[in-house]
Amino acid sequence: MAALTPISRKPLSVVLPTVAIAGGFVGMFVGAGQGNVLLGILIGAALMAGLAWVYITVLDNERVARWITVLGLGAIGFFFAGITGLIAGLLVGWFFAFFIFWLYEGRYRQKLLPYLTGRQVFEHYLFRVICGAIFVFLITPILVVLPLSFNAQDFFTFTPEMLRLDPEGYSLKHYRDFFTNNEWQRSFKNSLIIAPIATIISVSLGTLAAIGLSQSHVPGRRAIMGILISPMIVPLIISATGMFFFYSDIGRFLEGTLGMDKNFVGYVKVILAHAVLGIPFVIITVTATLVGFDQSLTRAAANMGAGPVRTFFKIQMPLILPGVISGGLFAFITSFDEVVVVLFVGSASQKTLPWQMFTGLREQISPTILAVATILVVISIALLTTVELLRRRSERLRGLSPA
Amino acid sequence: MTDATQSGPMLAADGTPLKKSLARSLRRRKLRALALIAPLLLFVMLSFVIPIVSMLMRSVENGIVAETLPLTVVELQNWDAEGGELPDEALYAAFIKDMIVAVEAKTHTRLGTRLNYEQTGMSSMFRKSGRNIKRLDPEADAPFKEKLIEIHDGWGDVETWRTIKTHAVPITNGYFLNAVDMRRTPEGAQAQPEDKQILIKLFGRTLMMSLIITGACILLAYPVSYLLATLPMRVSNLLMILVLLPFWTSLLVRTSAWKVMLQQQGVINETLVWLGLVADDARLVIINNQFGTIIAMTHILLPFMILPMYSVMQTIPPSYTRAAKSMGATNWTTFWRIYFPQSIPGIGAGSILVFILAIGYYITPEIVGGTKGVFISNRIAYHISSSLNWGLAAALGTILLAVVLLLYWCYDKIVGIDNVKLG
Amino acid sequence: MKVTITTLMASALAAVAGGAMAQEMTIVSWGGAYSKSQLKAYHEPYSEKTGITILNDDSSNEAVAKLRAMNEAGNITWDVVDVVASDAIRLCDEGLAMEIDHDTMLEPAPDGSPASEDFGELIVSDCYIPSIVYSTTFGYRTDLVGDNPPTEICAVFDLETYPGKRSLEKRPINNMEWALLCDGVAKDDVYDVLATPEGQDQALAKLDTIKDSVVWWSAGADTPQLLADGEVVMGSTYNGRLFSVIEEQNQPVAMLWDAQVFDIDGWIIPAGLDEERKQRALDYLRFATDTQRLADQAKYISYGPARASSAPLVGQHAELGIDMAPHMPTDPENAKNTFLYNYEFWADYRDDIDAKFQAWLAQ
């Protein structure tokens, strides 16, 4: 609908002052860096307004104008501050090349409702900018981690070589360390065993209990809910010591009385402990989904002769699946990122990734930790993108959205 | 029902009275619901609740004095702690007998550690005296009073015996008093000396900072969730990746990353200096204080706020706001009177999650909090893993748990725990 | 549902678990470079000699709490544990560590003198077998101190000559002693003064003068990172970490050995092991704490061997090929002015002073 909004060119009296303000803003930083703020603002404002005026009245060719801006500002940046300046200049240039024409051609109204007032348009973009800033806040630590994982030194420090973009300052040695070091490999493997199994246990038991809880007439509902959520609210260090006692009893029973393998029992202990920690998340998400669940559907299924099991898998499960999946994600992350409980309940052969990272941070700082984080980020980007692509594909197949 | 009683009980198809039949079916449904809950409930009770409760019981348990020194404790009953006189020979003899047994079982040093929490110096007194007492004979070497005082002059100090007597009770309130900056003395509960008072301050700070973090999370999460909920699905799902990515990154890594960002030679300060916004010798102090803890923890907990808010906002029909606007409401009125009230459950769910998680954190504050940004959980961890004062740790944990449960209860009363949505 | 989970779990675990249940022992240590040096100097030769598999558990940081929990649960899974001396004293007091008869259970020195003489005063507890002497000392950035590199400990408290941040450990131990030393208290009187409330106040008052310039650390790896960043001018940490920063990482950092505080790291055997495991643990320790083995460890990390008889055997760094002796805290050149950590004192006063210290920090 919004794409139908007609757009028109804006007069210079609107475009030039706006561009000048933006130019002055950027100029302020450059000026401050060079020691004279006021001059920076003036030059920035004049330069940008001048460029805009030339592009609009004289040149009137968007492509050429863009190239001039990007390369010109890149060159200025390089002149002032070398490679880093070049990059900063290119980015600023790219922004202004876009900004001038975005304003002048009135493209900013293109996707908005036609009846909005100027102030509403401004507020709309202000809101977008604020959200953008929050997204930047969310993502910056990862942007820091990525380059540091290629550090040639064994510290979490941006070395002068790195800042100069000198290849000397970068190396793959931390990745090599991760892939060749037994300890890292073993702990990664352990995490990949423990987290999924713990998730399966908490999701299956949690979903059943949530279904039970969501039925009417459950005696002591609040108390039960409180108990099931308690693993989330007890401080972890207390949980860790408390659970240690329980699991060493269990361990002795399994090893001594049933004669199970020591290693196997070790895994069982950590998995069960992590499953308990994941349960509150599953309970909360699944009960929330079940609040909106239409109970008459199960009755209809029963009416048509389906048994309880069949009803569950054919009717209830598909409908509450989103809640179950997101609870499962929370449970998985809880286990995959948990360090306090595993330190107590686990033993050397169950060392998980967070445990290895924790020792790494304490005993010998090494960017291998950052390399691991980067690998995990890349894997999760790939996973999330695949999921999104699959979702779009199925939407297209079902004809829900235009291809 | 009155009709039914007049014309005899109403019958179900199989001939039983309907009332009975309904009751039976209700009972069966209750049982089935319970059967579904039971496995998990049992699992959580056994593997979590009972161990935790027994851990927390350590906050009042104090059997160690009476178990290690049974005869002495009996004798101490007859001794007047207020009189300022040293106990008589009978007590010293009983003490020697107890100690000989204790040294044999090597429990005397453990008692020394316990009493050292109350009076500095007890630990080495028990350890050193133990070696000499081992050589004494309970029969031949009497009397003991002078001998013991010779072994360590601490035994000639009334304060020592007063401490032992005060802490000879099997159930003590001592740890809880310690947890609120007080101590158990022969004269009853008294405040700790001023220069040792810290725990109440830490409790206050933990609550305060958790509230600030929750508030910051609400402020940052609301616009983002709103944007995600109003954008078309394909765009919002892509942006969702930005929310989930930090969530998938290890807590330890994110905390370290914040350290790299915030320190004085860190990314933020370097950038500001490069841009000339901050002078090189006046770099911002944004780490190792409360500010650092708040920033890092807000970042770490933000996804826990965004996800529930987003899932609630998704269910708010856009037609309501459109209707309000078409009836002449301004943007602000529409938001404040129509949209905001419907988004409150999301805020509530996110807040309770973030607050509860924040209050129990200790790794992040330890790394970026410096001296003024640490939480009560840091002290709990210290007493569990370093000072071995588990009684105090359990008392602190119990108080923290009580605060959280109180909040949980309030939340359940105000919003209802069913309204918590995570996504 | 449950059945499938169990089978799933079983099959997944069997894939990883499997493996010989031959003779195995779990040795607990700190992880990182320190565990690596033990692996090279002790574990590998011992496994080769006896065929016993050694599992490394990096839990020394939580050892005290975990040992207590294991003891109460009656299920001790560790065989030998590496702890610092103060932890060893606490474990021994709590009855969680086994008492050791050093002369019968350990190898004598090559010249035949019994082990208790060879270790000398380092045997600070009946349960403890020392293995290394390390020191907590200061490192400073050579490029941030100008032409006037610090030579004595009180430079830490001198904000005028050496402006900038310093890093200190977030606990009273060592810091209180240094503060008193630099506040005019004679070295021999430090612990007497520190035993009084006035002395404690005096130490805190001295620390107060630099409080705003201190970055407090809690993990040993913090100070090296802070020095590498240039975030602090000087900072205290273990001397082995500084060696690694200076020699292995080539950072512009130098050592300030003055008033270094000696401390000990070594082994304990948990109390309550069955006879077979106890013998195995003792056999390992007899091997790992003999004169040659202790000297071998110094090839991999710059900590001094605990036996007097090992000192002459210390050779060169295994990878860098530099002489290790000048990097040892016990080297005469470095040990001109040292400070001895008083274990008895801190065992008594730790709880009390820590409460005051934390309250002071939080002000």
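As written, the chains take the letters A, B and C, and residue 1 is the first residue of each chain.
To be clear about the criterion, a residue touches a chain if its C-beta (ideal position, glycine included) is under 8 Å from a C-beta of that chain, and two chains touch if they have at least 3 such contacts.
Everything numeric here is computed off the predicted structure, so don't read it as measured data.
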| item | value |
| --- | --- |
| Chain pair with more C-beta contacts, A-B versus B-C | A-B |
| Chain closest to the assembly centre - both centres taken as Cα means | B |
| Centroid spacing, where centroids are CA-atom means, of chain A and chain C in whole angstrom | 39 |
| Rounded Å distance, chain B centre to chain C centre (Cα mean) | 31 |
| Rounded Å distance, chain A centre to chain B centre (Cα mean) | 28 |
| Per-residue multi-chain contacts in chain A, two or more chains | 156-157, 241, 245, 361 |
| Numbers and ranges of chain C residues touching at least 2 other chains | 2, 61-62, 65, 229 |
| Overlap residues in chain B, where contacts from two or more other chains coincide | 39, 384-385, 390 |
| Of all residues in chain C, those that touch chain B in their complex | 2, 61-62, 64-65, 68, 90, 92-95, 165, 170, 201, 215-216, 218, 229-231, 344, 347-352, 354-356, 358-362 |
| Chain C-facing residues of chain B, complex | 39, 106-107, 109-110, 112-113, 116-117, 120-124, 127, 192, 195-198, 201-202, 205, 263-266, 288, 366, 370-372, 374, 379, 384-390 |
| Chain A-touching residues of chain B, taken from the complex the two chains share | 26, 29-30, 32-37, 39-41, 43-52, 54-56, 220, 223-224, 227, 233-234, 237-254, 256-261, 267, 270, 274-277, 299, 302-303, 307, 311, 331, 356-357, 359-360, 362-363, 377, 380-381, 384-385, 390, 393-394, 397, 400-401, 404-405, 408, 412, 417-423 |
| Sites on chain A touched by chain B in the complex | 29, 31-35, 37, 120, 123, 127-128, 130-131, 134-135, 137-142, 144-145, 148, 156-158, 205-206, 208-209, 211-213, 215-219, 222, 224-239, 241-243, 245-247, 250, 272-273, 276, 279, 281, 284-285, 287-288, 291, 326-327, 330, 333, 337, 339-340, 353-354, 357-358, 361, 369-370, 372-373, 376-377, 380-381, 384-385, 388, 391-392, 401 |
| Complex contacts: residues of chain C adjacent to chain A | 1-2, 5, 8-10, 12-14, 16-17, 19, 21, 26, 30-35, 55-59, 61-62, 65-66, 69-70, 72-75, 77, 219-221, 224-225, 228-229, 244, 249 |
